[in-house]
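Paired with chain B in one complex and with chain C in the other, chain A is shared by the two complexes that follow.
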Partner chain A sequence: MTVHLRKQLIALAAGVSLAVIANGVPALAATPADTLVEAFAIDDIISLDPAEAFELSTAEVTCNTYDLLVRLDINDTSKVVPDLAESWTVSPDRLTYTFKLKPGLVFASGNPITAEDVAWSFERAVKLNLNPAFLLNQFGLTGDNVADKAKAVDPTTFTLTVDQPYAPSFVLNVLTSTVGSVVDKKLVLEHVKPVTPSDENKYDNDFGNGWLKTNYAGSGPFVTRVWKPSEAVVLERNDKYFGEKAKLARVIYRHIKESSGQRLALEAGDIDVARNLEPGDLEAVQANKDLAVASAAKGTIYYISLNQKNPNLAKPEVIEALKYLVDYDAIGKTLIKGIGQIHQTFLPKGQLGAVDENPYKLDLAKAKQLLAGAGLPDGFSVTMDVRSTQPVSGIAESFQQTAGQAGVKVEIIPGDGKQTLTKYRARKHDIYIGQWGSDYWDPNSNAETFTANPDNSDDGKSKTLAWRNAWDVPALTAKTKSALLEEDPAKRAAIYKELQEAVLKDGPFVTIFQQIEVAGLSGKLKGFRLGPTFDSNFLAAVSKD
Partner chain B sequence: MAMAGTVQAPRSSQARARAWLLGFLRFATVIVTTYLGLLAVTFFIGRVIPIDPVLAVLGDHASASAIAQARREMGLDLPLWQQFLLYLRQVLSGDLGTSVLTTNPVTTDIVRVFPATLELATFGTIVGVAIGIPLGVLAAVRRGSLADQVVRLVGLAGYSIPIFWLALVGLLFFYARLRWVAFPGRIDVAYEYTFTPITGLYLVDAVIQGQWDVAWDVFRHIVLPGCLLGYFSLAYVSRMTRSFMLNELGQEYIVAARAKGLAERRVIWRHALRNAAVPLVTVVVLSYASLLEGSVLTEIVFSWPGIGSYITNALQNADMSAVLGGTLIIGSVFIALNLLSDVLYRALDPRTRVR
Partner chain C sequence: MSALPAAPRQGRRAWLLSNSPASRLQARLGRAYMVWLRFSANGLAVAGLAIILLLVLVAIFAGLLAPHSPTLGDLAGARLLPPGTPGYLLGTDDQGRDILSRLIYGSRLTLFVVVLVAVIAAPVGLLVGTVAGYAGGWLDAVLMRITDIFLAFPKLVLALAFAAALGPGIENAVIAIAITSWPPYARIARAETLTVRNSDYIAAVRLVGASPWRIVLRHVMPMCLSSLIVRVTLDMAGIILTAAGLGFLGLGAQPPTPEWGAMIASGRRFILDQWWVATMPGIAIFVVSLGFNLLGDGLRDALDPKEGAQ
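What follows is the complex of A and B.
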């Protein structure tokens, strides 16, 4: 190396280190003024097609980019409000719903929105028979009849015919879920791929599912510009949106999985919203005067369930004893602080008929007395499947400890989420700790899984939570069904109250808490609000100083 | 080996061609069985894991008919061996299948995630070698001195400190406090639109296109995770360098060189290190290969979209096409790097050259 070159290299190195130092002066980074940057664990997204997507992150993307006939009123969750539909009527026999569309609606593509698009969106969701299709199957819609039951009468009138006189509140509530999103038929048809019909799939095309997985054909306040799996989702303002236009030009969801990483990026100003904060990081954000916190109770319930195939767990006294062996107060004050509230009934607060009663407390004496009554004065041994994430593993350890004090020896089997779930769905567990999120904002969603078990045999088709715990309850199953057909909301609510009381008293479910979703916010944000469901976290009203 | 070579009579060109052919066939057999074994083991492990692959596609709430339909579409109703044969046929026709989680062909995914890991691993290895080797030499030359103790301590720490912790502390210090480095991911949001990658190695791409501001931003993103991986590579490389150098410095040719009056610097860097470099190549290549598997924890902390977190996520969801595709790629990288280290070995050590 010549001396000359060496000198040059030294100069270069000095320059670089100077640049590093200059850049190293602490200065708060800022996200672009017209862009909302959110840190969010988005690795659950597997498709953007509303007929397929049913994940939490996707629910949020879909609700901001697609329109529905009707939407949940986030100010009063017992009501639905018009979205694309201007008005609707229910026939006297409660079988036919007629929706009148608002005039002059257009998709982001510029194509007009007609009742034909609505009908085709229903048709493809049912015929594709993917994850959320069951929501529409509930109305008796099948691949064979959907074209007749969900149809366009004229360009602005859509009718839906259901198979039984359901409570209208139930039908409308289900229609607020993302599977009812209206897709741009003309645009999607340009991208339909032929498929070979088979025994399971009678149709000769994919209804554009292959294309719509990663593309966009909606009309919401934002359009989806790009989805990079496990990296980012980018939304842009839809200037053709019929309602009030979004205040920000762009929303970027960045995939940051780790809570502490999200907190650091929020404090540094590289993101505007942190969506997956754990209790420790949440407290730090709350304590920071430059930051703010948004929170909302969601329709997700965390519970411990007891498999009735286990002879010990099937004893009524044991079921009751275990409900006295959870230290609700301690769990509420530490493990779920800020991210959950103690809640012991299976309907989340805010849904029709939800009972907000928490009669159980940690009571060792009472539990021991009940165990003795069950002929188990020395307790018994039992296993518990727990997925290794917080807060469930913390709650499981707390339960293990308190149960141990009454002689119930709980052996925790840790596992990955999908692994414990697979075992649970095959009902091979003893005790399982898990959560259930309402599929749509209606009490039937939870009642149907906690209190209905149409066929308790091992090959029962309907793997409800009652089935998974082998809880054979024909009377409650019938009652759940009757609530679904009750027209009068007050009477309907009364039935759900009875169902909740029954589970609270005898059911093999120890319900512990209801989830509160939290988000750490930059102080500059205005109008950021979390909704009651994952598909009502609307972003159009968000702006920056 | 060298002896055998000299003893043998000069071979005819025909015999030489046959030897080459045999060598090639042996090599091909090894490659094919390696790949086949790799695929079979991964496939069966994947199927033994008690996770229902349908859960990843349909979630927990889907109807029984939707689940049955998905099961048949994914070929899960067939016997295991049949599923494996189907998969093999597919791979041989150049199709690694489609990932359930990303809905992309696995090949597309790998083209996206592998360069991220490659860039990070290369950065880490350069840091590890550039600092690790001089440190190792220093420790060996000043054996027992304070410098030696420090180098050994640094190496020991690199072995024992959990990378997850170090990464978070690094972020807290260099990102949150000092603002020297950037976070999260590979590139700032502001460049997300304007920058078009070519090779997928962002640093290289930015430089080729002359976008110096982008290059600086990318550098600020890669420098912390890169140095972290570099530290772990350094810990290994410096320790091995030290022991190889100690071995060489005790040899007679060093005494001879010193007796000849050569400058000490020349003795160490020209004579001793050149000989130590031969086994060192294998060490460096192996450490590079291990970084190329993707450091899952580093990738998660830094939101680095690399192959490590891709495969882990796929495995947790029983997304077998993605797991197998990723394993194939990593296997290929291992085989390629082993070949490379053989070649380098030959280039550096005249005794191993074929005459």
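What follows is the complex of A and C.
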């Protein structure tokens, strides 16, 4: 009996598998119709908490999952548009900003969004004082006064008091950056962990940072379902979103680091969008009739920076010599073809006051002469931390060769994004190569980081790029500040021009190019668009045929 | 007049193959000649030896053979040229460097890794194995359990862990590979030791009053050498592949060092359109690994004491 039954079962199983084979299981690896699958190098993500995250990939995740008071208008980058805020007013002394929230807003958790949530989001960002906190600190917000300066007047009214009469556009521009994301106070408070107060952190709890690192408490068009480091980020549509709902139910970012891997996956239909295509693969995608390409000039510039703690790199002649040791022409024609344009000033083209001049060229003789002038006629040895991804590692190798010809022996230390960034932020590098994306579409974003360093000590609070490279420049710091309070746009632009000339001449930053972000797209996609900044690559409008 | 008059060719052969050697030297040379005869009868083994000799020659004369600099490229003018381009026989890589020159200089690194690993790992394994086998008892148990612990990990994973802990660099890669490759040698040496430790000649040496160290070093180790040499030679291919694997994963040689594994790693980005960048170092690794394998196979046949017994 049992034997008989078993025979029948085996026959049945064989029959089923034969039927499957006969029907022909579709070999196509098409992505689901309601899901956008993007290949993206996401190994730089170290936390999803908007008060902590300050990385390029995280900016994109945050801007699609959290809401702000105001947002940059991606159609006209000189304007901001309402997001959670319905309207706002600025007091005549330009010190107090009053935001009125839209009625009936709710978080993805179902909790209502009130001015209390907005105020607490500001408070925790300032009190946690993590990497992006300096954006809010620049308004004079500190752990002691933030509860008074950023407060809820009533459930739909939030006021922000700044310490100086800044140009209103500047304040609003800053509020469009991801650190201003509104988090769900009620939800996060359930996950707050107690910590022991110390000299660095005088608060007795972590404001939910430990939980928010890997979890989500926002209200954006998408919710973050899961983040697996260096593997994937999964977003799902938030059906409680107040605005136009996302067209697709799901977005999956897959960590595929290699450009060729992304291209293969795109050609095979395993992914819908390839985000890190290199020039060679980009050309192949452009030539493919079934695929499309999206591109946008970004406020991101790539630079080599020289830590002024290294005595050799601190010599002005060495700084200038290294600027003559990058083969800009060849790099522009090969390594960054199609993904960037040579640009040697720190303000990206398109921002107020940006200078578009590229005075430096590869000049070995001049560099050798400068090195001799610095007392280093035989060159010197130095290390360089390089994230092992293109195009930076290719540029680093090219720089290594050209610098080697002038006697500067560069030892490349490859690492992943997290390793190199952590070392860079601790000022333990010699030379670093990386990119800087503007936090908001205002020249102050880049000027603030390249030319301001209020406190050059190791425990300085403002960890700007100038600080990270121990470039102590009180005069430029003051000038940067003055540009901020200058109401007249023409005068403001003139100050930024001077700052750019100063960095171009003496700054420890060898700016190489401005990024053109490109993405290879499946032909089925509609409405995919890259924004001018990394926190304006919105996905809600994307749909599929 | 020299002491040994040049004997006719036939006479030298007979002298080497004599059944009744008149001196120790004659006996040793005779044995070596027998080994060579058996080895050279194996065509594939000779081919393996030729490959390895060629590798050594290329490494020694890299400076003369390489048409271009291995580290300086022409980014603007000669990037990603296909093989056969005049001046660039095997093409160029993404930095405009000549792949042939990089392969030629890379042979030095490959030899460096192989020789250093053999020099570090083989003596350690030999010492641990013979001491454990001869001493027996608790010392044997302790040494062999340590060996077991090392053998319990996959070799590449253990090497990766060591390389990551020591930091990237070719020297650290060598150390990491050496640390992971001695245990099999210890096992072989112990097995050989166990077969000879109770033999009559050892008992005789002990009767004469030799210390345990002298017995291990002078009378046990030589018996283990031939099987160890075979094993090390066969492992060379594995060592090259492990080194290439570490280089590929970014834990071996640092740029711009022309290490073959690292060259494949940087070439994989172009594998679709510029296949030669990754393929050429791959062929080089393949050929050299094959050479070591053939050589090891031939040595095993030639050195096998059972076949050699006449």
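A few comments on the model shown:
Basically, the second predicted complex is superposed on the first by the 345 of 545 C-alpha atoms of A that agree within 3 Å, B and C clash if a C-alpha of one lies under 4 Å from a C-alpha of the other, contacts with A are read in each partner's own complex, and residues count from 1 in each chain.
Note that in this section a residue touches a chain if its C-beta (ideal position, glycine included) is under 8 Å from a C-beta of that chain, and two chains touch if they have at least 3 such contacts.
These numbers come from a predicted model, not from an experiment.
Of the two partner chains placed by the overlay, only chain C lies in contact with A:K333; chain B stays clear of it. When the two structures are aligned on the shared chain, A:I252 is found in touch with chain B, with no touch to chain C.
Of the two partner chains placed around the shared chain by superposition, neither chain B nor chain C is touched by A:V293.
Applying the stated contact rule after C-alpha superposition, one finds that A:I516 touches neither chain B nor chain C.
Set against each other, chain B and chain C touch different numbers of residues in chain A, with B touching more. After overlaying the two complexes on the shared chain, residue contacts for A:S260 are found with chain B and with chain C alike.
By the touch criterion defined above, A:E278 reaches chain C but does not reach chain B. Of the two partner chains, neither chain B nor chain C is touched by A:I342.
When both complexes are overlaid on chain A, the residue A:P229 reaches chain B alone and has no touch with chain C.
With both structures placed on the common chain, the touch criterion links A:K463 to chain B but leaves chain C unconnected.
Residues common to the contacts of chain A with chain B and with chain C across the two structures: 258, 260, 264.
Those residues of chain C lying in contact with chain A across their complex are 71-73, 75-76, 79-80, 94-95, 168, 250, 254-256, 268-274. The touching residues of chain A, counted against chain C in their complex, run 258-260, 263-264, 278, 280-281, 284, 327, 329-331, 333-335, 388, 390, 393-394, 396-398, 400-401, 404-405, 411-414. Those residues of chain B whose C-beta lies close enough to touch chain A in the complex are 49-52, 55-66, 68-69, 72-73, 100-104, 109, 112, 168, 171-172, 175-180, 182-185, 189-190, 192, 220, 300-303, 305, 309-310, 313, 316-318.
If you check the complex, the residues on chain A that touch chain B are 20, 23-27, 29, 31-32, 35, 37, 39, 43, 46-47, 54-55, 129-131, 133-134, 137, 199-201, 213-214, 228-232, 234, 252, 254-258, 260-261, 264-265, 267-268, 270, 416-419, 421-423, 425, 439, 461-463.
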